[in-house]
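To start, I am sharing the structure in question, which I have written as structure tokens.
In this document, chain identifiers A, B and C correspond to the written order of the chains, with residue numbering beginning at 1 in each.
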Amino acid sequence: MTWEVVMGLEVHLQLATRSKIFSGSSTQFGASPNVQADAVDLGMPGMLPVLNEEAVRFAVKFGLGIGARIGKRSIFDRKNYFYPDLPKGYQISQFFDPIVCEGVFEVPSSDGSLLPIRITRAHLEEDAGKSVHDIFSQESGIDLNRAGTPLLEIVTEPDFRNADQAVAYLKALHSLVTYLGISDGNMAEGSMRCDINISLREKGSETLGTRAEIKNVNSFRFVERAIYREVERQADILDSGGTITQETRLYDAERDETRSMRSKEVANDYRYFPEPDLLPIEIDQAYIDAVRDSLPELPAAKRARLVSEYQLGEYDAALLVPDHAAAAFFEEVARLSGAAKPAANWILGDLTGALNRADLTIEASPISAEALAGLIVRIEDGTLSSKLAKQVFEGLWQAEGTTDEIIAARGLKQVSDAGELEKWVDDVISANPNQLAQYLAADETKRKKLSGFFVGQIMKASQGQANPKLLNELLIKKLNNQS
Amino acid sequence: MIDSALLNASVSELHQLLTTRQVSSAELTKGYLERIDLLNGKLNAVVTVCAEQAIEDASRADERRTRGEGNILTGIPLLHKDIFCTQGVTTTCGSRMLEHFVPAYDATVVARLKAAGVVMLGKCNMDEFAMGSSNETSFFGAVKNPWDTNCVPGGSSGGSAAALAAGMAPLVTGTDTGGSIRQPASLCGVTGLKPTYGRVSRLGIIAFASSLDQAGPMARSAADCAHMLTAISGLDTGDSTSADRAVPDFFSELTGDISGLRIGMPREYFNDDLDSEVRAQVMSALTELEKAGAQLVDIDLPHSHYAIATYYVLAPAEASANLARYDGVRFGYRCADPADLEDLYFRSRSEGFGEEVQRRILVGTYALSAGFYDAYFNKAQQVRRVISDDFRSAFQSVDIIAGPSAPGVAFPFGAKQQDPVAMYMEDIYTLAVNLAGLPGLSTPAGLVNGMPVGLQLIGKPFDESTILNAAHRLQLDTDWHRARPAIEDHVA
Amino acid sequence: MSISQEDVEKVALLARLSIAQTDLPEVTERFGRVLQLVNELNTIDTEGVAPMSNPHDMVQRLRPDVVTGSDEREALMSCAPAQDQGYFLVPKVID
């Protein structure tokens, strides 16, 4: 049987507010247990929630960022269930009237086309705390520092057909929210967590199959693996005539498999009802307009502009744009150096490679945009060959100074002087008579290849300083004159 | 030993005595503490006494007054209902669940009164989590009515009302979700005001039903209530439902002039459900107001009948969520040796909550559960609007609405305990006021068979002044509010 | 609508309340009486009436995004039934 995969995603995005959604506690990650949980966060008797204006603004920003309809009157509801990391016995969420309503998010896929994903809704809610199971032998420890951190839960329609689409969506979403500045998008710290609803159906069928929900997947790679594994599991069951159980599952990265979450199996009845401690949020057009005016350039617009303004290829633009900092870095280097294409090449090539090896983000790059622009200027004006430039790049990375300082200190200036070049060429030719003989015996096409040997030797002798273009011309002339 | 007449003095009188140094706050405080000591064994109205702290606070209030600082409430002793969180002082809410709970914070009401220089004598007994109309559901035992210790004081602010009636304090706080200030005020012969929803901050008050709960003053007179109301009212940004409304000096609004005041008498409140002797007393109070220049007008609140059904869906539903936090994890009662997490939940809650609280949690959970939300919760919210609209229409033609505070006088212990519905009927005249979020008060209207009756006055939203002024007029013209139970005879 | 003992048990499970088997008939009977009372709601037509969650038509106030909390762990955890190393303790939770 050929199965079609049908998936919808729910992303829990932590909003980058300073304080919590309903209390004045800090949202900073990594504090000692329960020091960032005040009486409201702990659900102490008599405590009441008061809504953080920034959380509302961020939600509206998101809604406008994907062109969704903003709920002019949205309402908080209580979602009731018992769990030790849920202090009040209910989560304040939005069920009936969310702040962000339907919209369409256009996801750029790897082939450059746009994949429209329908957003069902996005609503504000509070995060729960954490249970730790590995500190105490008989007990679980409850840390409520995270309780009350604002979340935006972004729900899609079942519009995904494969893992690539899901990952492309998540990457585009990640890019969008960091552009908007509404989340740090740090998946390792749980700022963006994904629930995947997966079902299979016979190809061509219109009805949806029974779905399983995989909860809390927190990296792009795990999303891909989890989908792959879950599709495989469901297909195996269906192929052997079995049926899928509607359930919540976890992706176990170590064993690379999904498994049923027993604890969530008791059928829940969340008993949603309007939160009486909070009143309706009313958002008027003036507010929406003000937030819209404050929106930065978003990834799609930036991609188009980089192509038109800097004549970058779609491919380079697609690589630069997702990371807001990388795109900004590029524009700075391009502006300072006046050379956009080399700027893109250096950033996407050597700089990205070096940053990855050092496990650094571009914000923490030891080479500033200004420094990299200085290097490119010296390549463009012919002072540096690409080979020398790599050495200067090394020097910049080691913080040895500016490009010009490094050229001077390391003596890396490209030599274009005809006399000096001629001496290197003559020395190398006379030192290698065998290679010269081979060269002279060869036909035109082979000669081209064999000349490379001499270039290498001369570069070595000149410590890379020889201007490769001039050297090449001179060398060919000299070699051909030997006959 | 302080003169017992002093213990029945009004706030204005006490303020006068404090100002002229005829008595100090420390002396007053000791006097009331002795009174509590003397009577509490009999009444069980007070669950926590803060003697040392109170005397210390009283001395500080005396110093303030000596420096010429403070206000009318500075140095006046007071008891809080044990539903108000008090920093460093056990706050039980009448429940085993919170038997040992010591909050790290003060409720806004407590903080505001503290700032005014009020001296907290202790905390008053109450129905568990404010769920009850007789004070029989308290984990700490029933409160006795000082007028007849075989009878209930009403509830849920029964400890507050009994303590006040017995002269244990000149001022007490209460909370009212469906009548919990007005009904016990009626049954104990004191004045009690439930302000407009949103007038007084709910922050730090242990929640029963968030959209209905409101704190208010209980005192020996409307004037005293006005003093306390001024001190506790006003915007609190810590409570999203707190109203951003100007707060008048409620005392200065008590002109006593009610000429031309149109008082609506809902036909539905004076029907056969009402005890005929209670009706006669309520009517005589209204006649007094008429004599003072008010105009009595018959009105209709056609959906009054539905208030009780509406209330007993909405209040339990909100309560079922509000009380989910009592899970034995972060504070409150935890069962011994839980086998696992679920065992911890089930046993902590079943052992920590009493029968009535559990019943309401069950009813509320049911009303919200899948398949019943529309038929119960949503329907009740719709009917709530219908009931609220009834009042809105009525207020087109009248200034205030009057009726009984309770269907009868205080009843003997156990009389209604077997039938929850019979008990719920105690609040038939008060519930609708909470549903509509209106201010309402109960003022004494004489005795029936030696037991107090209350007249309820209901005002327009945020118009506490008008009902306080009408009650004040009544209290200028009659002595009903001065009647005191002969509780000392019982003790002696 | 009337209620059965099974219904009551189901609701009790949701509310995390345990009812002893011996108490169940009486709890159900009293529950039923309350339900009968509230079933009165079925007799009123509310077609088109907007539900009312709060007595006044007020809207939500917003709080500036400012950190006002400080470390109050010691005071707030002083009433915790079981705690260690800054954590609240519960019987081991297995996911």
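Some points to look at:
Heads up, the rule we're going with is that a residue touches a chain if its C-beta (ideal position, glycine included) is under 8 Å from a C-beta of that chain, and two chains touch if they have at least 3 such contacts.
No experiment lies behind these values; they were computed from the predicted model shown.
Using mean Cα coordinates as chain centres, the one most removed from subunit C is A. Looking at A-C and B-C side by side, the one with more C-beta contacts is B-C.
For this pair, subunit A with subunit B, the centres built from the Cα atoms lie 58 Å apart. With centres taken as mean Cα positions, subunit C sits 41 Å from subunit A. Spacing of subunit B relative to subunit C, judged by their CA centroids, is 23 angstrom. Of all residues in subunit C, those touching 2 or more other chains are 14, 16, 51, 53-54, 58, 60-61, 63, 72, 76-77, 82, 88, 90-93, listed in ascending order. Counting partners per residue, subunit A has 39, 42, 44, 50-51, 82, 84, 142, 269, 271, 276, 278-279 as the residues that reach two or more other chains. Shown for subunit B are the residues in touch with two or more other chains, namely 101, 104, 211, 237, 240-241, 320, 324, 327, 329-331, 341, 345, 365, 369. Against subunit A, in their complex, subunit C makes its touches with residues 14, 16, 51, 53-54, 58-69, 71-73, 76-77, 82, 84-95. The residues of subunit B lying in touch with subunit C in their complex are 100-102, 104, 197-198, 211, 237, 240-241, 243-244, 303, 305-306, 308-310, 312-313, 320, 324, 327-334, 338-347, 349-350, 353, 358-359, 361-363, 365-367, 369, 375-376, 378-386, 388, 419-421, 424, 435-438, 461. Those residues of subunit C lying in contact with subunit B across their complex are 1, 3, 7-8, 11-12, 14-19, 27, 30-31, 33-42, 44, 46, 49-56, 58, 60-61, 63, 72, 75-82, 88, 90-93. Residues 17-19, 23-26, 32-39, 42, 44, 50-56, 75, 82, 84, 131-133, 135-136, 138-144, 250, 261-263, 269, 271, 274, 276, 278-282 of subunit A are the ones touching subunit C in the complex.
Taken together, the subunit B residues at the contact with subunit A in this complex read 84-85, 91, 93, 98, 101, 103-105, 107, 202-207, 209-211, 237-241, 317-318, 320-321, 323-325, 327, 329-331, 341, 345, 365, 368-370, 373, 377.
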